[in-house]
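Quick notes on the structure that follows.
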Amino acid sequence: MSENPKKKFLYINRKAPYGTIYALESLEVVLIGAAFEQEVSLAFLDDGVFQLIEGQNAADIGMKTFAKTYRALGDYEVRKLYVEKESLAERGLTAEDLMPIVYEDEDEDYAEKPSIHFVERAEMARLIGESDVVLSF
Amino acid sequence: MSENPKKKFLYINRKAPYGTIYALESLEVVLIGAAFEQEVSLAFLDDGVFQLIEGQNAADIGMKTFAKTYRALGDYEVRKLYVEKESLAERGLTAEDLMPIVYEDEDEDYAEKPSIHFVERAEMARLIGESDVVLSF
Amino acid sequence: MRFGIVVNEGPYTHQASDSALQFARAVLAKGHEIFRVFFYHDGVNNGTRFTIPPQDDRNLQRSWSELALTRNIDLVVCIAAAQRRGILDANEAKRQGKDGDNIAPGFRISGLGQLIEAGIQSDRLVVFGD
Amino acid sequence: MRFGIVVNEGPYTHQASDSALQFARAVLAKGHEIFRVFFYHDGVNNGTRFTIPPQDDRNLQRSWSELALTRNIDLVVCIAAAQRRGILDANEAKRQGKDGDNIAPGFRISGLGQLIEAGIQSDRLVVFGD
Amino acid sequence: MSTLHTVNKSPYERVSMATACAHVLPGDAILMIEDGVLGARKGGAFAKRLAELDGAKIFALGPDLAARGMKATDLVEGVEIVGYDGFVDLTVAHARVCAWL
Amino acid sequence: MSTLHTVNKSPYERVSMATACAHVLPGDAILMIEDGVLGARKGGAFAKRLAELDGAKIFALGPDLAARGMKATDLVEGVEIVGYDGFVDLTVAHARVCAWL
């Protein structure tokens, strides 16, 4: 693909984890997509914000707790996770309810920096409007 | 089954037709179930009320217009269709927007009688509470 | 008590099959009886033996098959729903001129009447879906 | 213009496959190009040749296969999603020790990279789902 | 002759939980399972709706809560946690089960 | 560089159409397809929400309207009906498509 300029990929996550497979299989696309060296952003809004909740444990429903994969995203150069503030507030959640997700900034002596950015709805709308490819599942 | 007393079956229809198959496949259960000579009622609430809209034509989306099957329910001894008034009102619908569904009353010289009964939400709740088996799809 | 269980969604995509399986095990653990598990809509997709879930994930088809074979639970896949979605046993494949089948051990294909019968014969019918 | 199309749901249960098919036909009728149709999640179930829809209903698998064979459209079924749901071609069946396969003509099984590539190579990516 | 109502979807995504709440009778119970347990979170917009519900007990399935990182202290007051065995007991204790799919 | 937003679910069942409406920018368009067209009905509770939307055009897919028994006169004012060919034209006229699944 090197002859093409990079495209801005936006993954929209609007569904809760475990009740359906969309969150998990969306994450699998993100991981594979990372190898293509495009500009990648993840948007979490509506029930998608539940994907990032701290303390998930799916053992007793017989499923894999795949939440830790979000923490590994930094290693895949996926460092822009946008969480909509209004979606959190409506669900009684705050930033402290989410797991910390960080990446190591190689330009600043591998300092750990937060991957999660909290944005207002209007900012989320602008993010969509600046993307080249919007993937929703 | 003749050794058993009749059971009251209630089919709950809450989904719009065509966008998903639930309305159609639910109707297929009702038709098969009619042969078992149980007491059958159908409840239409939430988007399920759209199943009964007059004038459906699915030709241009490549599907079968199965709406006419509801009109045949009387011949299968399925004569109690309860439609929730609040669900209609919320969607901007009135009784006139629905197809007429009737049955022939063999006790009154085969006079045509309406199968659809419009009920308030509280009455719908009572119907559920009086059923033996509730089927939702 | 005697239970009927209905599964309306396929494996993995929705939690319905997982929930139904856990519920079925709890029913048996409590000493109750399961008259039948009926698979309808996309639920018929639980009955294919062709699934290969990731090594570190659960295998829903195998769990259902085990329940059928070790606890003698009747697992019925609706024939009409199965035909629409490509679930076949050897008989159906032959009758329909298909060159193979994919039904899993412990599942049988039958008509919708089996669902109504489950409603009649069970003390409680519990439905899992989308 | 060049289009990529994504289908996230199986045939018949959700309208996604119907909508995608009608959209694909309209794209071609307008003289545009389809780079690829990618089947993900339950969308992989569109690619089984075992479906037998009722006589008076549409046959979605056959319509997709025809589009692939007559218009040379690339239909890709995601391998990871397909394994979870029991969609196999002969190679996969052999590799995984399964006793049969069910992939329909015109469909091929490949990796998720094909979806990303469709996003990169297409002018527009259009997603159909639940 | 009460009813056990099961709800498996988030009230923030679908109308099913609101509809279930609007159709309970005194003595009925609501059991939140799968993504339905998300409706039990304290401080959420749906919590008010649950609080208004009287005459019906509310239960949430523990394994589904745990999967979604929800602890007992996260729940609206009055919501009782049960396991799959408790789910079975609830179906026995009520005369019928109505699934709000 | 506007966006075409597609919505395929009834606003009376799911939140997706409300969310789509809350994320449009001036110049964007919303296309209702499948069960999404149910949101276009005049007199429904969601009609008010659509009327408040300004700066974005609203389209509904004709074949999906017909399937659901909806005529042009049933629709909220300003909703424009297109066919599958018009759907294709809309994707071309906008820079990207955002599906609110």
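Going by the order they are written in, the chains are A, B, C, D, E and F; count residues from 1 in each one.
One rule holds in what follows: a contact is a pair of C-beta atoms (placed from the backbone, for glycine too) under 8 Å apart; a residue touches a chain by one contact, two chains touch by 3 or more.
Being a predicted model, the structure only gives us computed values, none of them experimental.
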Between A-E and A-D, the pair with more C-beta contacts: A-E
Gap in Å, rounded to a whole number, between the CA centres of chain F and chain A: 27
Mean-CA-position distance for chain D and chain B (Å): 35
Where chain A touches two or more other chains, by residue: 18-21, 46, 61, 63, 133-134, 136-137
Sequence positions of chain F contacting 2 or more other chains: 8, 12-13, 15, 34-35, 63, 96-97, 99, 101
Chain D, residues touching no fewer than two other chains: 8, 12-13, 15, 19, 22, 41, 57, 80, 125, 127, 129
Arrangement of touching chains [line / ring / star / complete / other]: other
Chains that touch, pairwise: A-C, A-D, A-E, A-F, B-C, B-D, B-E, B-F, C-D, C-E, D-F, E-F
Chain C to chain E touching residues, read off their complex: 1, 3, 8, 15-16, 19, 22-23, 25-27, 29-30, 32, 124-130
Partner chain D, residues of chain A touching it in the complex: 1, 4, 7, 9, 21-22, 25, 28-29, 32-33, 35-36, 38, 133-137
Complex contacts: residues of chain D adjacent to chain B: 12-15, 18-19, 21-22, 56-58
Complex contacts: residues of chain E adjacent to chain A: 8-10, 12-13, 34-35, 38, 41-45, 47, 62-64, 66-71
Of all residues in chain D, those that touch chain C in their complex: 10-13, 41-42, 45, 48-54, 57, 61, 80, 83-88, 93, 96, 98, 100-102
